[in-house]
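So that you can tell them apart, the chains are marked A, B, C, D and E in the order they are listed, and the count of residues begins at 1 in each.
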Amino acid sequence: MSALLEIRGLEVAYGQSQVLFGIDLTLAEGEVATLLGRNGMGKSTTLRALCGLSPAPAGILAGAIRFAGEEIAGRPPDRIGRGGIALVPEGRQIFANLSVRENLVAFAANRRGVAEPWTLDRVFELFPRLAERQQNMGNQLSGGEQQMLAIGRALMTNPRLLILDEATEGLAPLVREEIWQCLARLRAAGQTTLVVDKYVERLIALADRHTIVERGRVVWQGSSAELDADHGVWHRYLGV
Amino acid sequence: MSNEANGGLLAVAGVSRHFGGVHALSGVSLAVAEGEVHALIGPNGAGKTTLIHQLSGAQTPDAGTIRFAGEDVTRLPMHARVARGIARSWQVTNVFARLTALDNVALAVQGRQRDWGGSFRFWAPVDKERAIVDEAATWLAEVGLAGRESTVAGSLAHGEQRQLELALALATKPRLLLLDEPMAGMGPEESERVVALIEHLGRKVTLLLVEHDMDAVFRLADRISVLVGGRLICTGLPDEVRAHPEVRKAYLGEEMA
Amino acid sequence: MTQLILEQALNGLQFGLMLFLLAAGLTLVFGIMDMINLAHGSLYMVGAYLAAAAAAASGSFVVGVLAAVAGTAAVGALLEVTVLRRLYARDHLAQVLATFALILIANEAVRWVWGDQPVLLNAPEALAGPVEVAGFSYPAYRLLIIAVGVAVALLLYVVVAKTRVGMWVRAGASNREMTEALGVNVRRLFTLVFAAGAGLCALAGALLGPLLAVQVGMGESILILAFVVIVIGGIGSIRGALVGSLLVGVVDTLGRALLPWLLRGFLPAETASTLGPALAAILIYLLMAAILFWKPAGLFPARG
Amino acid sequence: ADKVKVGFLSTLSGPGAGLGVDIRDGFNLAVKQLNGKLGNLPAEVLIADDQQKPDVAKAEAEKFLKKEKVDFMTGIVFSNLMLAVGPQVFDSKTFFISANAGPSQLAGEQCSPYFFNVAWQNDNLHEAMGKHVQDKGFRNVVIVTPNYPGGKDAVTGFKRYYQGKAEEIYTKLGQLDYAAELAQIRALKPDALFFFLPGGMGINFVKQFVGAGLSKDIQLFAPGFSADEDVIKAVGAPMLGMFNSSHWAHDFDNAENKRFVAAFEKEYGRLPSLYASQGYDAALLIDAAVRDVKGKLDDKAALQKALEAKRFKSVRGDFRFNSNHYPVQNYVLRVIGKDAQGRVTNKTMGTIFANHADAYVSQCKMK
Amino acid sequence: MKSALYRQSARRRGLALAALLALAALPPLLQALGQDFYVSVAARILIFALAATSLNFIVGFGGLVAFGHAAFFGAGAYAVAILAERGVTAAVVAWPAAAALAGVLALLIGAISLRTRGVYFIMITLAFAQMIYYLFISLKAWGGDDGLPLPARSTFGPLDLKDDAVFYWVALACLAAALFVLDRIAHARFGRVLQGIRENESRMAALGYPVAAYQLACFVIGGTLAGLAGALIANHSLLASPNLLHWTQSGTLLVMVIVGGVGTLYGGFAGALTLLLLEELLTGVTVHWHAALGLLLLVVVFRAPRGVAAWLHGLFARGAAK
């Protein structure tokens, strides 16, 4: 397996205050990896920097991000997006003034010519609730429905790398369960995925490798088996 | 439980609300007794947030009545309901993004003080009112944001904003607190802290809790109501609800139980 | 009498669509990109002047209109790239100040190039006179404005509501960062939208020039009306802008025609002749205040 | 005095700027022709923009009076500004030579020894039009003016000499579209129409009037300022055949006028409007008076006498000042036609009033 | 705990006092320089500063972008002129009456307009101001578009307002008092509430604040002060002009506020000073001064994004740091 994504020594600041102090992370094609850590430790900041959404004015201070063999740090977000990275951001960020359907079709793409691309029908199959709400505006959805829409929207771009930032927040247990199963199926189909979430047990079952950050630094990295075995790590870094 | 006679502290009768063709709530009736922790669960889009909106006054129902402590509050504006002791938190974070965490909570504390003109005071500098500031700091500590007082709310991490959201609601010292997914976005440790906080509060404040975190719900709730498709399908003790076949089918799934 | 009322209704329709031509561009830029552009009226003025110059040089009205649209779109794009682009992230007040500054500069620039006096721009000979419609004569040129207004309304509706570009624009306005992350070059998109809005201004200026005057400051007074229209309709909604335009057009026209006459029915002539026109003058403002009183976000609150 | 200081205050920006600019250009042209002198003294012409706002006008006037201590003021276009500025100018015993604004108040009760008007009293051109329409035998006329006092004055002036049926239509000040009024006019079927719509309003009205096909059946009449070169320049051919009244036209056949028109065209590349002629005359009046008093500008009484004597040849031919310092002069009928070079412009048709005074002079207590 | 925008300190109060004294010394200074004329100009600037400050209270503190402030400014002016016509010339009666009238007008307009938000609020306030404008220019009794002249300045006890210097001092006193009062309000509970509302209206309602009532109070305070400024401007130019009611006047005041600094105490003052001085300077230099002004305003937008007052403050702060 070749490395699809490689982050080296990433340092990021919001204005004067630096929050990432050298994050390293590699992700092979077809792999599912997680980023774990307590609240405010820098998970979302890492993901956003990856997507080119690093905060102005300081932004990325140092580090390299290679994606599919190209250096993408400092590129504008739209180029990164077209390059095949899709983000399900925390806080959903769906387009309030677009209908559910529009939210999904506006950015639909199959740039890599995937054999079985995500389509409107497949998304509606995954989230029947969205099919019922097709014509509603984004801001008329319930919190969970919005979350489904944010996931669907990212899938519709058929990304090479799918990034989920707390994508199960606010979802009912049943739906959450479906998301895990869907991610497992995607993994089987070779979808590379980077996940941030709080359900560690489920993530261990789902992902190959895990990275834990604490105050903007990587403090632990390992496989699912290693994490499963070491509950000290859970307790120390995740507060479980 | 002194208000039992008129249906509890909060008595919701036949409340309906629709948006265009969507019937978000259809004839929901529910009673919450004083001092109880009452959980409200249900699938996404079941109408939980919509019900909170009707109770808090962010929206008014198309039909039905809402009585609080015996008084009909169905048509009261939000601020009047807060004055009577109903406070809420939002599912989507809703704080004063450009004020410091402490300023955020201080506003909540100040809003509670309604003696002589309340905040229609034009002269005395509020900075001199130590009591407000001190109390605000206490609330921040309570939700686990000690040390973050002077951080601007907008630059708190997502989970921290959720904690601040809770502090704001608590600082109004409500009789009835409506919490819409307070644990969403919080890590396990923070969730644990909030659960403990709610357990502690439960003795003094009546709580209506909307939450998808079932561990928390079953640990905290005295009673649970289940909304599905805008209708209340059951209300009962946690164990009854857990065993309810329809609830398992529509919401919990099999292994959850 | 019925014929008079019919003609007045047609006048109202025409006045409304005339306003729509201007309001359409405004609602695009303001409603969808959330940018208050007071210099919209200046683009309208520039369009009219360019049309006059091109028409005079080429001797053809149509060439004048096309040149004006192209030229003003270019001016708009240039303006966006140099100044306005830096304003999207700023609050509305900064936008107000900057675009107000642009008005001052534009007016002086036009005065410098074309002088203080109004310039000549007349309708093509073929449309200069009246035509017979349903038994009475109506200016042919006004019928043209009605036609163009309807066509522009349809076109805009389709583009904004039905195409992917329209969705991107709306998405970019509501959450720029997310739109970019999903692979859309919002920067370039907005330049295009702005150029299109400027082109619409020029179309309005070139078409209204022959009816109204082509002169310095022509943009300011009509700009207020355009704002009234989009606010009544609900900012950002093309449909709202259309309905708002028609409402303002009809109410204003009928008010002016009928109010003095109605008042004379039950008031002394002297009072009626002062009160009538005064009331007619404030009628559209009354209309706007009343609509906003009952529908605080306009008739068709933008979907967002 | 070793020089003459003139405070030229006029509307030089905004929609009304065209008028002020013409007055200024006319005034400057005269000073230039006089080699930069007025009455053999070096002239210093200070120029200020009133932005068509009374408070700005007052502030600028104050600066001229108190700071610059000017000897004369001139330039104001709009009557409401003149009324606002008047008291402070007259209080400071400074002469104001109005090159346009001629409000009735200053012709009547509030007349002042320090106020001279080289143009006309506001009603005059309307009166002339009323007289002409009356004389031509029209008896069914529609009058269109904006709903503000200036418009009401126009109606009064017109009806002072016109006795037939008059339907009055009031529009909004600054109105752009006249479709509703035109439909009303069509329904009223008048045989003549008199309108007073200053500035751009008039341009729009005429264009739309012709576009609606009304010009075939209804004869158009207007005061000169609604049909002058500035308006013609914007409307063009549709104005052909429109009648208007004026005290001056660029084809007036006298030596001074020929010299003025030729020089103006050469200097500014356009035909002068009546505003330009008024500005020009204002400068000539000052020049003559200063020469008369041999530069003794402090002798206000003598200067007033010299101004009253009016020892210069006006481009409009001859006129004299009435006891209220407003002109007594001829008013002519003009029609818009094509000149020898094929340009659309005004042609003088004949005299409507000879030696006409205004209606307010009897209320003036001066002298 | 300090709010970001209002940092009150002894040093700042000292600076304010020094500035006040310097301003008070202006008339004798100008007279000594033989530039008496500028005393009147300075008084006009102070009056516009008061009007702009009153608008800044609504826009910057209350977060309500109002585009009809001319209505209150003009109403104050007309109130004084109409009273003077009826023989009421005492400032102690006429000026408070003007302010009160403007306040009542603000109460009525505000109560209706506050149903709307944002741009809709901008437009509905404009609508009301335009109605009042057209009403006044149509009414011959109040001078129509000629405006209503004042025979003389108001009488003010033993003070002779005809003296430009005295009038200047009175205007200065009004402005200083207004700034002091508004500063107190901004730091009092009420000001804190306004700040909260500006940040997040729905959250304030959920904390139990009747948002509309606070906003209305803010609107009325601003309107009342504008009425006082109107009374002063009518006295200054001896004319209540319909131009004061025109939407361009509202626009000018708003531009002053933005130039000076939205939501900063001295923003209105700084804006009025900057704009009127620029106008004074530029008109002397070129007839195309509007273009020059436009360019300068662009510079302000991009170089001093929080307004001239904040920019100056920054300069001072940096200077002090060195």
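Going forward, contacts are C-beta pairs under 8 Å (C-beta built on N, C-alpha and C of every residue); 3 or more make two chains touch, one makes a residue touch a chain.
Heads up on the chains, UniProt names are A, B = ABC transporter ATP-binding protein; C, E = Branched-chain amino acid ABC transporter permease.
Please read all numbers here as calculations on a predicted model, not as lab measurements.
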| item | value |
| --- | --- |
| Chain C to chain D, fewest steps along touching chains | 1 |
| Touching both chain A and chain E (chains) | B, C |
| Between chain D and chain E, the fewest steps along chains that touch one another | 1 |
| Distance from the mean Cα position of chain D to that of chain B, given in whole angstrom | 74 |
| Distance between the centres, which are taken as Cα means, of chain C and chain B, whole angstrom | 47 |
| Rounded Å distance, chain A centre to chain D centre (Cα mean) | 75 |
| Rounded Å distance between chain A and chain C, as computed from the means of their C-alpha atoms | 44 |
| Residues of chain B touching at least two other chains | none |
| Residues of chain E engaged with two or more neighbouring chains | 134, 138, 140, 290 |
| Residues of chain C touching at least two other chains | 111, 274, 277-278, 281 |
| Pairs of chains satisfying the touch condition | A-B, A-C, B-E, C-D, C-E, D-E |
| Residue ranges of chain B touching chain E (in the complex, touch as defined) | 56, 58, 77-80, 82-83, 87-88, 90, 94-100, 102-103, 106-108, 110-112, 114, 118-127, 129, 133, 136, 168, 172 |
| Chain E contact footprint on chain C (complex, rising order) | 30, 36, 83, 86-87, 90, 92-94, 96-98, 100-105, 107-109, 111-112, 224, 227-228, 231, 235, 274-275, 277-278, 281-282, 285-286, 288-289, 292-293, 296-298 |
| For the chain C and chain A complex, residues of the former touching the latter | 164, 167-168, 170-171, 173-175, 177-187, 236, 302-304 |
| In the complex, chain C residues that touch chain D | 3-4, 7-8, 11-12, 14-15, 18, 111, 115-120, 122-123, 128-130, 136-139, 141-142, 210-218, 221-222, 252-254, 256-257, 260, 273-274, 276-278, 280-281 |
| Complex contacts: residues of chain E adjacent to chain C | 59, 65, 112, 115-120, 123-124, 126-128, 130-131, 134-135, 138-140, 247, 251, 254-255, 258-259, 262, 288, 290-291, 293-298, 300-302, 305 |
